[in-house]
Amino acid sequence: MIHVLLIIFIITLFYMAIANRLMTYINVLALQGVLLFFVVFIQLIEINPVNLAFILLETIVFKSVAVPVFLSYLLKRNNITREAEPFLPNFVSLVITTGIVVVNILIANAIKDDHLDKIFFVVALSTLFFGLYLIATRRKIITHVMGYMVIENGVFVLSLAIGNEMPLLVNLGIMLDIFASVLILGIFMNKIGDVFKDVDVDQLSNLKDY
Amino acid sequence: MNLIYLFALIPFAGLLLIPFLRVKGQGLLTLGLLTINASISGFLAIQVLTGESINLILPGSYVTGPIPIRIDALSGWFMLIINLIFLTGGLYGFSYLKAYRLRRNSISLHFAAFLLQHASLIAICVIQNSFVFLIFWEIVALTSFLLIIFENENPVTIKAGINYLIQAHFSIIFLMIGFLWVINKTGSYDFQAITSYSASLPGSVSIVLFTCFFIAFALKAGFVPFHTWLPYAHPAAPSHISGMMSGVVIKIGIFGMMRMLLLIKTDFLTVGYLILTISVLTGLYGVMLAIIQHNLKRLLAYHSVENIGIIGIGIGIGSIGIGSGNVTMITLGFAGALLHTLNHALFKSLLFYTAGNVYQSTHTMEIEKLGGLIRKMPQTAILFLIGAIAICGIPPFNGFISEFIIYTGLYKWLSGGTMFSLLAAIFSTVGLVAIGGLAMICFTKAFGIIFLGTERHSLPVSCKEVRFIQLLPGYILTGFIMLVGLFPLMFIRLLDQPVSLYTGTSHVFDGLQNHAFEALQPITIATWILIALILFIFLVRKYFLRHQVVETGPTWGCGYVAPTFKQQYTASSFVRSYSKLFAPALLVKKEEELLEGIFPEKVKYSSHAYDKVERWLIDPVLKFNKNFMARFVFLNNGKLQFYILYGIIFVLTVLSIPVLYRNILSFIEILKFL
Amino acid sequence: MLSVLLIIMAALFFTGIVIRTKSLASGRKGPGLLQPIWDVIRLFRKGAVYSETTSFIFQLAPTVYFASIVMAMLVVPFGKSQGLLSFNGDFIFFAYVLALGKFFNIISALDTGSSFEGMGASREALYSMFAEPAFFILMGSLSLLSGHTSFQEIFAFLHIGSQISYALAALATFVLLMIAMIESSRMPIDDPKTHLELTMIHEVMILDNSGFDLGLIFTAGYLKFAIYGALIVNLFIGVIPYQYAIPAFFAIQFLTAMTIGLIESFMARFRMSHNPQFIVVLTSVSLLIFFGVLLILQKFI
Amino acid sequence: MVITYLSGSVAVVLTLFLSRSKKLVYSLLSLFLVWQVWFTVQACIHAGTTDAVYFTFDSLGILLLITLTIVAIPAALHSYIYIENHAEPPHSRSLYLASLILLITAIGAGYLSNHIAVTWIFTEITTLSASALIYHHRNKLALEGTWKYVFICAISITFIFIGILFLSLSLQHTGSDDLSFTNLLLRSKELNPIWLRMAFLFIFTGFTAKLGLVPMFTAGIDAKDTAPAPAGALMASVLMNLGFVGIFRFYIIIANTPLLHWARLVVGAAAFLSLFVATVYMLKVKNIKRMFAYSGIEHMGIVMIGVAAGGIGYYAAILHIVLHAFVKSSLFFQYNQLYRVFQSKSINHIGNYFKYNPTGAMVLLLGFISSAAMPPSGLFVSEFLIFKAMFDARQIYLLIIVLLLLTMIIWAFGKNIFKVLFVPAEGFDDSMVVRTNPWESLSQFILLALAVYLGLNPPPAFVDLIKESIILLPH
């Protein structure tokens, strides 16, 4: 069951790679939150209930509701155009994403460690690198935020892989998640929208040395 | 011991006090402290030169380890030179800087650096701990930099200063590598480790080690091709600093070289030939470029290069002597080198001081613009003349004595040996002779154009002789020049100890068991006779002329009725035939417009001398480096995506490299299999 | 001491002989042998005119020049007998003391601020610079051959025996003679015969000198000739006893003078731009001498 | 005790954040300084003990804590001067001071924590407080700087977290789940090398953002450029040290595993690249503040080269990082007075500072000499030792390249600094130049003198501290 969920998770990445609309990204993020909710539920069922409840709450409330809502609010508030405006055509990014996944599978295959459920590893790393890729290849600043969210999800998955042994780390991950997201989104909603009207990355490249 | 602590304390006292004094006070304080320090070190130096050597070990700190202080005769000799030049330089600077009394900050910085430099130069002479040596070496570089950039509003000055600073830093790099090598092998900072280690090395390797140090010291001393900082630093610096720079600071390079010759046990024959070759080239190149300079201080700077070459020839002869076990050559070579070090310090600083006088009363260093100064500033003229004659190595002054000793060394070398050594000897002789002849062209030009004839350019009305206090250092130096020229044996006796460090036999000169200096006695007599003769003939001349009519008229223009000052020979025209002959070796950029038509327009002609070594060795490297570095500025381009990309790239590379490496290995295996 | 006397005596006649040879060669009778001396004496009795641009340098220079020549004369030996001063490396002193004279000559020429004299000065400086290496290599090779480093010993121990050494002696004579010509700027380097402004080196430097100073300069010139003549003599006489040596001295001096006279009457002056090459030729010739010496000592392996 | 300290400072921060009255604010600031000093003293007294499970007063921590305190006091002083000169509105003043104190506290706690996760948490907090400081000017550039800093730091923190996850993976099969350094060191032999490798890689990459090393050095430059100079001083000195602590503590563990050689290569490569990048930009930049920042990159490169070289290099690295903290912070402190005179940070508009403020000019001069590692500055000692370590590690060619790069840096740095000090800037009218009080520079002189003293004649206690902090490394 978990595997099915995780595979769906990967598929969401592919979808994100070819999506054009920012709104789609947000929906995908929400969907990922929901997926994670179930994964957590199945994976961490035997850790102490309070902690489990906390984690579940975080996934469902924060990841799949609060952040998406907030992002869409930002879209409206700064009336950002709906297009994602990638540097590369979707086809290429799809290929690259596939490449990322394949490479990760190979790496996971290369690693000899029976303690680890490989699929967690694959999903986590693919998500991480896909998120970085997303940040690197989209033109809008807000897509950076979304990319970061994707990375967070990836890290979350990775933390789940060892969640049974060290729930502490899962909590830390959540803390990071909330902390960083709040910080970034906070800055974003407060300032960037106001100061830079047309929120394009090139607006934010004045601090440089040439 | 206490003396040494006192010595170390004094400059810091100066540093603390100077900023709070008024300009005059600063000068007096500096002079006072300088005198104290000079007398302390001079006292020690005299002690070691009269035979006993001072060894003591300061505790040092955790990083430095124990600091051995060994004052031997070599240190003593250089300490005396340093003190002499610093005292006169300080005196001259004191009066020279009066013209700048409004710039109090610069002056206090200047004086502080001055004190510090003196202390650290002395320290370099005595300290034998490689780490501490490095520290003082760099302090000297820094302080001389601060001293050079006294006229610091001028970007050119700053540029010259930084040029010097960087080249000095290169010398540190080479020193550091050499020292690190020894430390790495022996684990000791003490200089004696160098001796023990190099003794254990095969000759070829120890030559590499020596070359490391040689380059470091050559950068400081300004051997070709490491001389390029001199012609910029000297004109930029105030005159007393230029004088001290070429009098002392570049000599510290010579000191290092001779110290290393004492410390490193290596194949002295090869080293000797190396040094000799470079020195001859240095001497010739220096003077050849000196002739075509139009800026007096640049000219003098190139002459420092030349004289370093002459000193180097002496050192080369000496170490060849060590290599071939020829005591006479050792004695003559090193004695000549050491004496010429003193002599050059004397007349070169004298020349720079007089140049300073000229600068302060005419506000220019362009030889072409000067002329007829001898009537406006006769004393300066006479001092300059004496310096010029001395630097050309012409009797009856000191330059002749040291060059004569070096010549004698060469001819002793020439008296036998293999074909190769004989050829080397004869060509070094030719080199030395040519250097002398060229130097004469150069200084007849310098003196003749600057001080003689009539003004080639309207001089400021204020142009007059400087105050006596400013001439005094010049007179003191002249006194010493005379002293060395007329009583050479006195100084040769002082050289007994230092030279015997190299020969190994103590008291080489007592009874002169090698007939190295027997010629000096008659030379002295001859010099006396010469002077007496000149005086005598001059008196006779007076006697004959006393009844005759002596009238003055215009210079005989060969029938031309309206001669103007413009028709005089200029510096460029004086050396024109020379520069045409030597054109391949020189690099003179000319801009000229030719006369045309029956009623020609106003035309102009200008020529700038540039240094071929710099053009070929320095500039391309800098250019390449600049372009190469400029290729990477895209890195920090302000785009967030790139910044993150760097992270990804780094991680992926580090992850993938081992994999690739393994694959490549296996691939190679396959190839091998095939 | 002896050498000094002989040189002075030779100097009395030397220039006279040169002039007489030239005039005979050009089919004239010519002045008496001692005429130059009379000229000098006349000059000594004259007053002087100084250019107002000149300074005391100008007045001091001839004295120093003359003194330097005299000093040079003192170290020249004669056969067995040393010069007044004789020590190891005295030929270095010889060359450098002459340089002192030149130095003052040059700056005194520059002192007048006349373009002609400046020209002469610049050439004087350049040519003497070129001439010196030849002299030093020559002395170096001779000292290597004889194993000594003072004039007297070098000449005394110079064994003229084998053919090579004859060749060497001939070459050495040539070099010394030419150096003498350059030093006193005669033909073919420079032509003293022409009208003063057109002589390009030495004579033009002394345009403004007059009276006693001019006399000194002339005398110095005569002495210079005799000195180089004496050196040439020394090349040959070795240590033969005086009764042969002294006649030989005068004979060779006479020959030298005549040679100079003949050269001056039958050769044209080089173009100025060709002079440096010619002078550098001397250096190469003296290098030849050096290699000859190496040959004699079997240093060629 | 740490808990007390943390709670105390947090209390101060909160009250500061809320309080608006000038007197109260500054009294709170000075109160915190006292608090900080007290804590430092306590730390020295209880050296070697573990406190509140997650904190240990080990010698490295204490050494850097003392450095922090020494730098913090002049930082507070200069912040005061800065605020008074800019006549800040009360709320921004309180925000600034609150986040300053928070930064200092977080850094201090980060030094002392013996658990990698805890270090990580405090690193996050520094990001938070630092971003508040960077955004202090509230203009476009400040915003951009903040945004970049926050984003890069967020990414790097994530990297560190991933690293921690991998670390736990590598620890998994040993049966223990304690990520404290001591435990890791204890089990260093049993750790799974593959995961350990990944862990080190990610943690290293993550901490480079704080340490200012290739690859993540970029954001730090902008941050130090846009933040107010006193805060910039902290970021350029002690905050970098926090990154160093993070990497170094983990390096100690990996040094006791067979991976040491590989780790050396990674660190060495990153360090060398940083040195290179620093050279490139030192030759390029005209913004004096950024120039200081890049010189920081250079020094971190040298430090990590020392770590990679090993042997005496470890000692030299610690020495270097301490001395560098003093020198660089003093330069940043001086920057404020410079800016007050010229109202510009571009070197083209600055010149002849020596004329307008000789005392400050002396600070710049000595600061340059120190940061160029010329004697008599203490940095020369550490660099010399690092070169020695490289020589011992048979890296002579690398050493020569490094020396050449350093020479270029000195050239570039010197060119600009002496332009600033002496050559008059064209078109600058000095009619309305404010007279700066020479005593402002006193603290900077003290810091520089301290660098010289500790370098050339280190007191035994200091030497022992450094030696103890590297005692766990294999020699």
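Note that the chains take the letters A, B, C and D in the order they are written out, and that residue 1 is the start of every chain.
Going forward, a residue touches a chain if its C-beta (ideal position, glycine included) is under 8 Å from a C-beta of that chain, and two chains touch if they have at least 3 such contacts.
No experiment lies behind these values; they were computed from the predicted model shown.
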Report the chain whose CA-based centre is farthest from the CA-based centre of chain A. C
Which of the chain pairs holds the record for C-beta pairs in contact? B-C
Using Cα averages as centroids, what's the distance between chain A and chain B in whole Å? 69
How big is the gap, in whole Å, between where the Cα atoms of chain B centre and where those of chain C centre? 37
Between chain C and chain D, centroid-to-centroid distance (C-alpha), Å: 79
Rounded to the nearest Å, the gap separating the Cα centres of chain A and chain D is 32
Where does chain D touch two or more other chains at once, residue-wise? 147-148, 151, 155, 221, 281, 284
Please set out, as single numbers or ranges, the residues of chain C touching at least two other chains. none
Identify all positions of chain A at which a residue touches two or more other chains, and write them in rising order. 132, 144, 204-207, 209-210
Strictly by the criterion at the top, what is the full list of touching chain pairs? A-B, A-D, B-C, B-D
Flag every residue of chain D that touches chain B in the complex, lowest number first. 147-148, 151-152, 155-156, 159, 198, 201-202, 205, 214-216, 218-219, 221, 262, 266, 270, 276-277, 279-281, 283-284, 352, 354-355, 358, 369, 374-376, 380-381, 384-385, 387-388, 391-392, 396, 399-400, 403-404, 407-408, 410-411, 414-415, 418-419, 421-424, 455-458, 460, 463
Going by the contact rule at the top, pick out the chain B residues touching chain C in the complex. 371-372, 374-375, 378, 381, 385, 389, 392-395, 400, 404, 407-408, 411-412, 414-416, 418-419, 422, 425-426, 429-430, 433-434, 436-438, 440-441, 443-445, 447-449, 452-454, 515, 518-519, 521-523, 525-526, 529-530, 533-534, 537-538, 541, 544-545, 548-559, 563, 565, 567-569, 573-578, 581
Counting only contacts in the complex, chain A reaches chain B at residues 107, 129, 132, 135-137, 144, 201-202, 204-210
Show which residues of chain D lie in contact with chain A when the two form their complex. 117, 120-121, 124, 127-128, 131, 135, 140-141, 143-148, 150-151, 154-155, 157-158, 161-162, 164-165, 168-169, 172-173, 177, 192, 194-195, 221-222, 225-226, 281, 284-285, 290
Chain B partner, complex, touching residues on chain C are 44-55, 57, 60, 63-64, 66-68, 70-71, 74-75, 85-90, 92-93, 96-97, 99-100, 102-103, 106-107, 110-119, 121-123, 125-126, 128-130, 132-133, 136-137, 140-141, 143-144, 147, 149, 196-197, 207-208, 211-213, 216, 272, 276, 283, 287, 290, 294, 299-301
